[in-house]
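Each in structure tokens, the structures are laid out below.
The two complexes that follow have subunit A in common; it is paired with subunit B in the first and with subunit C in the second.
Coming up: the complex of A and B.
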């Protein structure tokens, strides 16, 4: 069960009692470490469990569970403002997903294969969103739109989200592209394909699992994103996470428990799906011949 | 024909090749340069800009925004943000190390599942998680009730509305960024090294400090940077867990752009935040470069 590797090859034929004792000690699981880890998991899931539990509370309280009820879910479904926000968030996520996946996959292909100075410059540009805190990107995007005289709206959120999602797609895809064997593309071209056909018919299908996984992940991240949306959204209809932010700043609103539970469940499912997608296609993305080593 | 002149064909293909990769790279790079680099430059320009009588930003050259940063009210907030962010880093390291260690060395075939069980909820909605965390830490929430039951807290002990609450929020928000690099480093760690330490009569403590810890130092350094960056810029934790007396630089920036309408000052504060983070990043890069140089020697 434990991972402590037994030095079987080097161990003497008949271990002394001392080594045996030491080995027994190594095999004993350290109780303190396991207790700390258990406590960590408990505290990690407790807030999520609390939100989920009290979303089914029949009363408004966040401390006393009074009885099971779907009243807050019903309140959410009948809240036109929240439903409009949900639609806005879904549209933003879909557009940002499509835009950033197209740009990000192309960028990943180019970055891996292009060994010019322009390529390394592009690699640097790509890193900037990853090391800039969200509040800075939020402020910067808002200033850019204001400076250009573009009124803030759902469209500006979409543009900002695309900009900052490209890097994530590229980071996910880059290692996959690097693992592909370029000779397969060469072979396709020897068989008469143009460079573009080789990319489209050979490389892209091999990348499909990673592309799908990154698309699902970006959808979830954009849907959940708050800071960037907060700085770039217009007045109406605001994305769901911005609404949640305004709501939780002003005290307990049980409807938010219901919305939050649905959002948590949705994004946990999507992120788990993103992790799982590559397995659906088999370990190596279904096309063994294309993986480099 | 083709066989007789392979070189020209290959050359043509290579030329085509580079061109297509450049073309693929261009849209994304131009998009990001246009939006991101341009907007960051705009922040810098506006930090020395002015506002007209309606509060709209005007370009110009006025150091009022920059000079205002020296105001003790702002330096105090900056010092507090730095303190909270650094404390968050240390606490994250202290929590993440045993967790990552346990999973990497004792997780067995459940390793991947356990790490996934940490990572997946962390990337779910940040706001909802922080909101749930503030409920858990509230005056009659489960954590304080449990602490009171075992006598570690009395009726007057509070977590929310204090600096401790803000740090607790930041830790809960970003500890995953410490766990991932540490786990990666510990997973790569050759367990026979630890055994060798034990074989050389090092006790568990000495083995840990002379073998395990040095081998995972880079993972810890990466984790510290990954936690420091978002913790320094966060404004949700201070708002939900700290109240008005515990604001961080993120809250100031938010205030200058939304309530205060002082955009030059907001931009100057944003530049200041970037500067602090840049110093942190450079420190990290120098550290890792030194480590690499030592490893090569």
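Coming up: the complex of A and C.
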């Protein structure tokens, strides 16, 4: 009872070649794994693919693809409410990006350099937003604004998004800051720079790839965000994600497919950019966490 | 030259928690000197340098540069520049922009910056590298950039924190010579921190040997080597035969050996415990002169190392001296001694130092 059937013309298999054959068989990719992986990706991406496909449908039907057309993209462009929401979302994303990057970089610098017990406590507390369910953060933010008597508006969404995003920026930047050589900043001061000039002229340029990468990431995350925006937004104009959700409650319009496809394309482009930026500077960047390198 | 020292430390201490990194240090560094702070790691030499540079404030005492009290001033307001151990180059800037950084901070005109950076790169032999990035340079080249970046500002004092430590031995030797030449050429006071006694001996005009936050001795390289003031200096600078004993009437009775004549010392009380130091190369094995202190011992080992041979001679049980002899034309190994032979040896009395 050999494990491997040898052709009769060849000599009987030596033990070594037999083990080699067994090992090779173990390494052959089992079909069941390929199937499971395929199913996983199908479940993940097929609905999205369907949305993208039907965004180009010439008919209103969401089940029968009639023919290629840009009709729903035109409808989106001429839908003032959706365009206004897109504008709101872009503004929220830009403000949240700028705010959280500035605060997050400052926090990362502070956490690395402040070696007190309070500093390391702050470093731990900073991670809490990453593990808190977003709906909790959303409800909490809403209750906070209500409690303070702040009317919900685009501004409250911006504040909530900034608060939520700082942790991401800090997590990305922290290891970069820790890897900086402290003598470099000292060298700048030695050569006549003030403390602030040393940070601006030497430290920030050294962190630039990670800063840009985290900025792009935050923009994409905030632009796509629904939960936090839903709880903290005012009436009009609502952010795009919230607007789409409201629209869907009255039946899915193919226009929404077009919007979804555009958002998807935009997000993919931004994430790709975030991964690519560090390579532009010829060094490992800030998104190693995402790319798994 | 002006009599005011370029650097003066006046009772300077640096205390971390409950221990002193530097303890009540007094130090004068004359302008134009190549001055080395030498000592083992943790002796406080780098802390001292950082206090001169303004990166660390003394907990006690004051730092004076050219007679002016600069204690508490930040680095950017002191007329000193530093060459860091890690070089600390700005990776996002070209070599020319690295070197011109200090001049630009001081608002020097662009044309002048370009000219002075060019001259300085010439001086450190990096003329063709102005547009390169630090990352593309070798260790030795980066070291020169760091030097040029500091020197271009024409500081009153240049501080160097073990700048050669990261280089391999051959490059290190070459840079030692170059650094000394550059220092002579520019005439700037160099304060050089090192743990390498050879480096300090070959490069310095003055050396301060530090140990546990204090200066053990300062002086010329020759002073320090030939007349170590303490047991620590004698053992840290090169090899020494250190023997302990008791001083009485111009003689030291060794714990494990005979009494050695050392000359009358009015500063040492009879009966005090002292150390005696004799350098291996000061011990003669032949051609003795009248007036030498003569002893005999048994050769335990001979170590041949090209130009010299080291003999380990047992003077008394548990007391072995190291003796260094030049392998000159008159002596071949087989003409000399081998293990187990008893030999006569001696030294001039002035080479036998008594250390309290």
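By definition in this document, the second predicted complex is superposed on the first by the 257 of 293 C-alpha atoms of A that agree within 3 Å, B and C clash if a C-alpha of one lies under 4 Å from a C-alpha of the other, contacts with A are read in each partner's own complex, and residues count from 1 in each chain.
Here is the rule we go by: contacts are C-beta pairs under 8 Å (C-beta built on N, C-alpha and C of every residue); 3 or more make two chains touch, one makes a residue touch a chain.
As the structure is a computational prediction, the values presented were derived from the model and not from experiment.
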Partner contacting more residues of subunit A (subunit B vs subunit C): B
First, second, both or neither for A:189, with subunit B first and subunit C second: both
First (subunit B), second (subunit C), both or neither touched by A:197: second
Touched partner set for A:178, first subunit B, second subunit C, both or neither: neither
First, second, both or neither for A:81, with subunit B first and subunit C second: neither
Subunit B versus subunit C as contact partner of A:150, first or second or both or neither: neither
Partner chain(s) touched by A:206 [first = subunit B, second = subunit C, both, neither]: second
Overlapping contact positions on subunit A, where the subunit C interface meets the subunit B interface: 189, 195
For the subunit C and subunit A complex, residues of the former touching the latter: 53-55, 74-76, 80-82, 84-86, 88-92, 101-102, 105-106, 149-150, 153
Subunit C contact footprint on subunit A (complex, rising order): 181, 183-184, 186-195, 197, 201-202, 205-206, 208
Residue ranges of subunit A in contact with subunit B within the complex: 1-5, 7, 22, 26, 29-30, 33-34, 36-37, 40-41, 43-48, 50-51, 54, 62-63, 103-104, 106-107, 109-111, 113-114, 116, 118-119, 121-122, 125-126, 128-129, 131-137, 139-144, 146-147, 159-160, 162-164, 166-167, 170, 189, 195-196, 199, 217, 220-221, 224, 226, 231, 241, 244-245, 248-249, 256, 260, 263-264, 267-268, 271-272, 275
Residues of subunit B defined as touching subunit A within the complex: 13, 16-18, 20-29, 31-33, 35-40, 42-43, 46, 57, 95, 98-99, 101-108, 116-121, 123-133, 135-136, 138, 140-143, 172, 191-192, 194-195, 198, 229-230, 232-236, 239-240, 250, 253-254, 257, 263, 266-267, 270, 273-274, 277, 281
